[in-house]
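The two complexes that follow have chain A in common; it is paired with chain B in the first and with chain C in the second.
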Partner chain A sequence: MLADWPSLLFNALGWGMATFLVAAGLTLVFGILHVLNFSHGGFFMIGAYLAFTISAAVGSTSLIAFLGASLAAALVVGLLGLVVDRAVFRRLAQVDGAYVLVATYALLLVCNGAVKLIWGLNVQSAQPPAALFEVTVLGDLVMPHYAMFVIAAGIVVYLALEWLLNLTAAGKLIRAIAADPWMAQLLGVNVGLVYSATVALGFALAGLAGGFLVANQSLSPDLAGIFIIQAFGVVIIGGMGSIRGAFLASLLLGLVDSFGTALLPDMPGILFFVALAVLLLVRPQGLLGSGRLA
Partner chain B sequence: MTRDRSPAPAFLLTLALLVGCALALPAFVNRGVVFMAGIVAINVVLGLSYNFLFSTAGLLSFGQAAFSAAGAYATALLLLNAPTVPFLLVLLISALVGAVLAVLIGVIALRRTEGVYFAILTLAFSELVHAVIAKTRFFGRNDGLTGIPRPTLSYGFGAIDLGPGDRYYAFVVVAAALVTAVLWWITQSRLGRSLRAVRLDPMRAAFLGIDVRRRRLQAFAIAGAATGIAGGLGAPLTSLVSPDLAHWAESTKPILFTLLGGAGTFWGPAVGALVYAAVEYGTRSLAGASDLITGGLLLGVVLAVPGGILGVAVRLLRRRDPARSRAAERGEPAAPAVATRAAPAGGAS
Partner chain C sequence: MISRRALLAGGAGSALALSVNPRIVVGQTNEPIKIGVVTPLSGPQEFIGSFVKSGAEVAAEMINKAGGVKGRPLQLEFRDEKANPAAATTVARELLGLGYNLQLGTISSTVALAYGPLMQQENGINLTCGAGTEKLNHENYTSNVFRVGDGTYRMRAQARFMAEKYPEVTSWTGIIPDHEYGRTVWAVFVDGLLEFYPALTGKTPTIVPPVLVPYGSGDYRNFITQMMKSPAKGVVNATYGGDAATFFQQARPYGLFRDRILMDAANEFIVANALKDQVPKHWTGSHWYYANNKSQLSQDFYQAYVAKTGNRMPMGWAGEAQAAVSAYAAAIAKAGSTDTKAVIAALKGLTWDTVTGPRTIRAEDNQAIKNLEVIQIEPAPGTDIGFKVSDSVQIPGAPVIEPATPGQKMALRTAS
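What follows is the complex of A and B.
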């Protein structure tokens, strides 16, 4: 049953990196605002629809057009993030934690409604670009190029965020504010600006994930809910806004999901929730829960 | 705010008025609206039991769908497979199933009561329940169970068939009113008072000799039982149950009713459920607009009037009496501020 472990590992990696792509922006926003943003899934979905529409308008199935459409979707969703930050997140400062979760859930409903109004209720399916249609076979292991692309994209996004947060001046600023906004303000940092920029980046990552994963799922107004629970799990297990933690949690939960589906083929996805609960009880602060963003 | 003393006559009068209106409804509107009113009555129970958990015990659960689904499936399975069991016993079993599931989940989830953790743990467990229901043949997998009959109430002196006309609707209204009365009574009781103490200051409550975890588990079980009954009432009304009942989107509904109507008041969730149904009905023909309006409305309430609709109404009514209004204001539970932008620096720049 488990003889085919290279395939299982490959699937785990695919699941993990797809989830990490969605969770990266969520982690960033959670790390700096301490807002667990329900609407992240909604903006991920908007990114997917935007990339789909842009691809269709361009009419090319080349890899360049695919990447361009994803980046354009990231840009638009990032700008939407600025609007959301100004219109919603700033006003949540005075509100109790429970209401923040509900406010972002309300925002998710708004996203769903907007998608239904603009793109309709029909399920559409997007094709991966022609270059990613191929499959590499290594012995028993079948590796679709699109899955390899998603894995590579996850790793690249992770490394880029590590670089941004740990090796650049902007990253140090973000981490300083995540740790102690009041002190940062005293030191003359424009805290509001960094907040807005980080939120915009987090949303842009949602849009990018939407563009990259558009061919992984059929496009429907249900798309928002599909990844958001997985991404929530990854963010919480990773530990309060830790990008590295989210990356590790993605890999770990990917393994759980992949091997769980092989062990319990009648109950796919069930071990994910069991693992989530067990991990939260054993390590409530998350894998790398230091309360710091990085 | 669930005030420390809420006069019983005022409560009973309100309840009687609501039940009277609900029972008179079939005389004025068509069957579609009566069916919706039945759903609203069930949603009121869902909202009130959630409010009990949230406003009285201070627990932000994101997994209530698991309990209502458990109740719905228990009722459905019993009505389909054991039609001789009296329906009131069936409802009691639904309550029991909801309570037992709540205790099982609560024992684990209540080890972490800080807002986000507790919310995510309950969410994870309810998704687990969702996955189990959707994949088990006994529960009909993704198709659910269909053709659930309307029950018959039978006693020694005769039987009432709830099948024809609006009889089952009337039964739902009366049952919902009874659950409401029980929830109100618990809120006012010694248990309710000690739960409020736990919510306001768990450490101080512990010093006073209150077993904090046990109290929270009791609250969770009570809310689970009431939610289980609500699910059980719903199954024969819609005549089908499906795994969607346990989906996390269902868990957000009672939260929505509560915050929309006002978490600070006992009747807030009822107002919220009613307003939600009205919005849903008014926008039913507009694809997408319904989500947009519901979301926008909720967002507006949370951002502009955190006290909810009833909270604002109470404040406006009491404006003439500033001494009393001050006491009644800001009654929302002081859940840990896990998710607020750091206050001093985070405001508008």
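What follows is the complex of A and C.
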């Protein structure tokens, strides 16, 4: 097993950053709105399908086209987020949390139905851009360039969110509203507008994750479920609403999953859930859980 | 004007006349034969269920167009079982209550197993259209459930074919999803390898423990890395649908299948349609490969299927639905009745024609014996679909099917 550790480490980073890409928008929306959005996986899936369709329409396998398609998917899903905010989230603000779960689960079913209606039931797949098609081999370690791109994308998204939330005026406003919306309103802040913008950003991150990961996954109406359990896992372990916590949890659970595969090959994936349970027993509030967006 | 006395007398007379032969009431001579099709129309197996649904519709339309069963048309009633035993038994019960004692369409193993006690208690029949579990005709055998398609012995056939085609490939491993179906596929394939390699090549195969993968995984790279270190030259894949496409997609940069023979269990064209010219060269099992079946029935069914759905590459489950509908038609014609007991008696030992040629239901365990089909797929860059079927074979079922042991667990060889 020790001889494999570079591969396990690289794969752990790949798993962790792919999961963080999916989890980033989820934790952002929860952090400010305190809405545990069950439909997040559905919008991740719509982002992937959109990027797939845009790439096919453009007909280019260049990295620029791939990034452009991902950003376009993020934009469209972000706009869908505005619609969801108006149509669903605003109505859930004053009701019991159980209704939120039911409503966002229903939204997930709507996403699923929309995908079937628009793209059908067939399994499809996208290719990575030509520039990311190759692999780098270092001894036994095989590093597909596309996996390296996903790792880099996860880190860039994390740093961008850190910068936005901690070093910009808009970020400080978001955090202030997340901490105390009533007080922020008294001080003349347009809370509704900031809520909408944050939801749009959270959904755009789901769309971006779909675009970035589309060449790593097959496309089918089941895609909404892929990564979403892990994403919820890192959001919970990281501390609900903490971007930094989600990032750390992604790395930690990626390592657990990766090394668990080598240690317990007869029980694939089991250590992820064991780690989830143990971490919650030891630290129920999560790694960096403080009830504040950070 | 009819008097009240005359009306009462007439009514009583009519009732008396009808009670002598109640069949006149329901008009048996041309009454439709009701068949319930309970198959996934939503959920994770909706894709497969869509082939079962369309296949059953086309098969019934063809039979009805040819005059029905002794003049009676087939009438299908569909229900969504969501590949979930609880949902499936609920809708099956509802159909039984509505008089649909003859049902077909199951593809999920857990659903098929749940149907055994239900059908026995409620006096119904279920014909499965693809459920893979061997328990159905072994330890969980019930007289009211039939598998009209191939069972797990298809993996024995695929192992035999590998021994014939690649006698030099004597080390095998697998990519096996960690659930009942995956483990069964692996166990039966190993059983076949251990029987047919020695018998056909004189060599004992080396069985390398398989790589187990979780169901619905988004990241297979750790498993691919494990696989890369395996000395095995032959790989059987039991991941399925979107999982298989993701796995193949992620394995490609590693060149995992470059120097290995890849035998896929049952994806038919699912992975190839998804990956197109990036699909690795591989063999896969099929319930019915239309181009490999030249009979008039198969060609007519294919044409009717394409006309109905617009899909020029139907998957084998459509053929299994055809086999199920035509099995009922043949059994009812033989029995002269739609009564459950009579139809069960007629189905046992029945030989009837299907899109894959004649099949016979083994009376002891309700398992059909049919030709098994294996196709080879490889990339074809520049073509519309991006891949091609470069080879295909039919393997007679009788020499590879396991012995009938209803009520007992199937005995399998294991690697020492």
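Details
Assume the second predicted complex is superposed on the first by the 293 of 294 C-alpha atoms of A that agree within 3 Å, B and C clash if a C-alpha of one lies under 4 Å from a C-alpha of the other, contacts with A are read in each partner's own complex, and residues count from 1 in each chain.
The working rule: contacts are C-beta pairs under 8 Å (C-beta built on N, C-alpha and C of every residue); 3 or more make two chains touch, one makes a residue touch a chain.
Computed from a predicted structure; not experimentally measured.
In this superposed model built on chain A, chain B and chain C take up the same space, so to speak, and clash.
Contacts of A:L223 after superposition on the shared chain: chain C is touched, whereas chain B is not. Applying the stated contact rule after C-alpha superposition, one finds that A:V115 touches chain B and leaves chain C untouched. Within the superposed three-chain model, A:W182 lies in touch with chain B and out of touch with chain C [touch as defined at top].
When the shared chain is aligned, chain B comes close enough to touch A:I236, but chain C does not.
Ranked by how many residues of chain A each touches, chain B and chain C are led by B. When the shared chain is aligned, chain B comes close enough to touch A:L92, but chain C does not.
Of the two partner chains placed by the overlay, only chain B lies in contact with A:L36; chain C stays clear of it. In the three-chain model built by superposing on chain A, chain B overlaps with chain C at stretch 92-100, while the rest of 92-100, 272-280 or 362-370 show no clash. Within chain A, the residues touched by chain B in the first complex and by chain C in the second are 116, 121, 221, 225, 266-269.
Every residue of chain A that touches chain C in the complex is listed here, in rising order: 4, 7-8, 11, 14-15, 18, 116, 121-125, 127, 133-135, 142, 144, 146-147, 213, 215-223, 225-227, 230, 257-258, 261-262, 265-269. Residues of chain A that touch chain B in their complex: 33-36, 88-103, 105-117, 120-121, 177, 180-182, 184-185, 190-193, 195, 221, 225, 229, 232-233, 236, 266-270, 273-274, 276-277, 280-281, 284. On chain B, the positions that touch chain A within their shared complex are 54, 60, 62, 108, 111-112, 115-117, 119-121, 123-125, 127-128, 131-132, 135, 248-249, 252, 255-256, 259, 287-299, 302-303, 306, 332-349. Partner chain A is touched in their complex by these residues of chain C: 44, 46-47, 50, 178, 209, 211-214, 216-219, 221-223, 225-226, 228, 241-246, 249-250, 253-254, 270-271, 273-276, 278.
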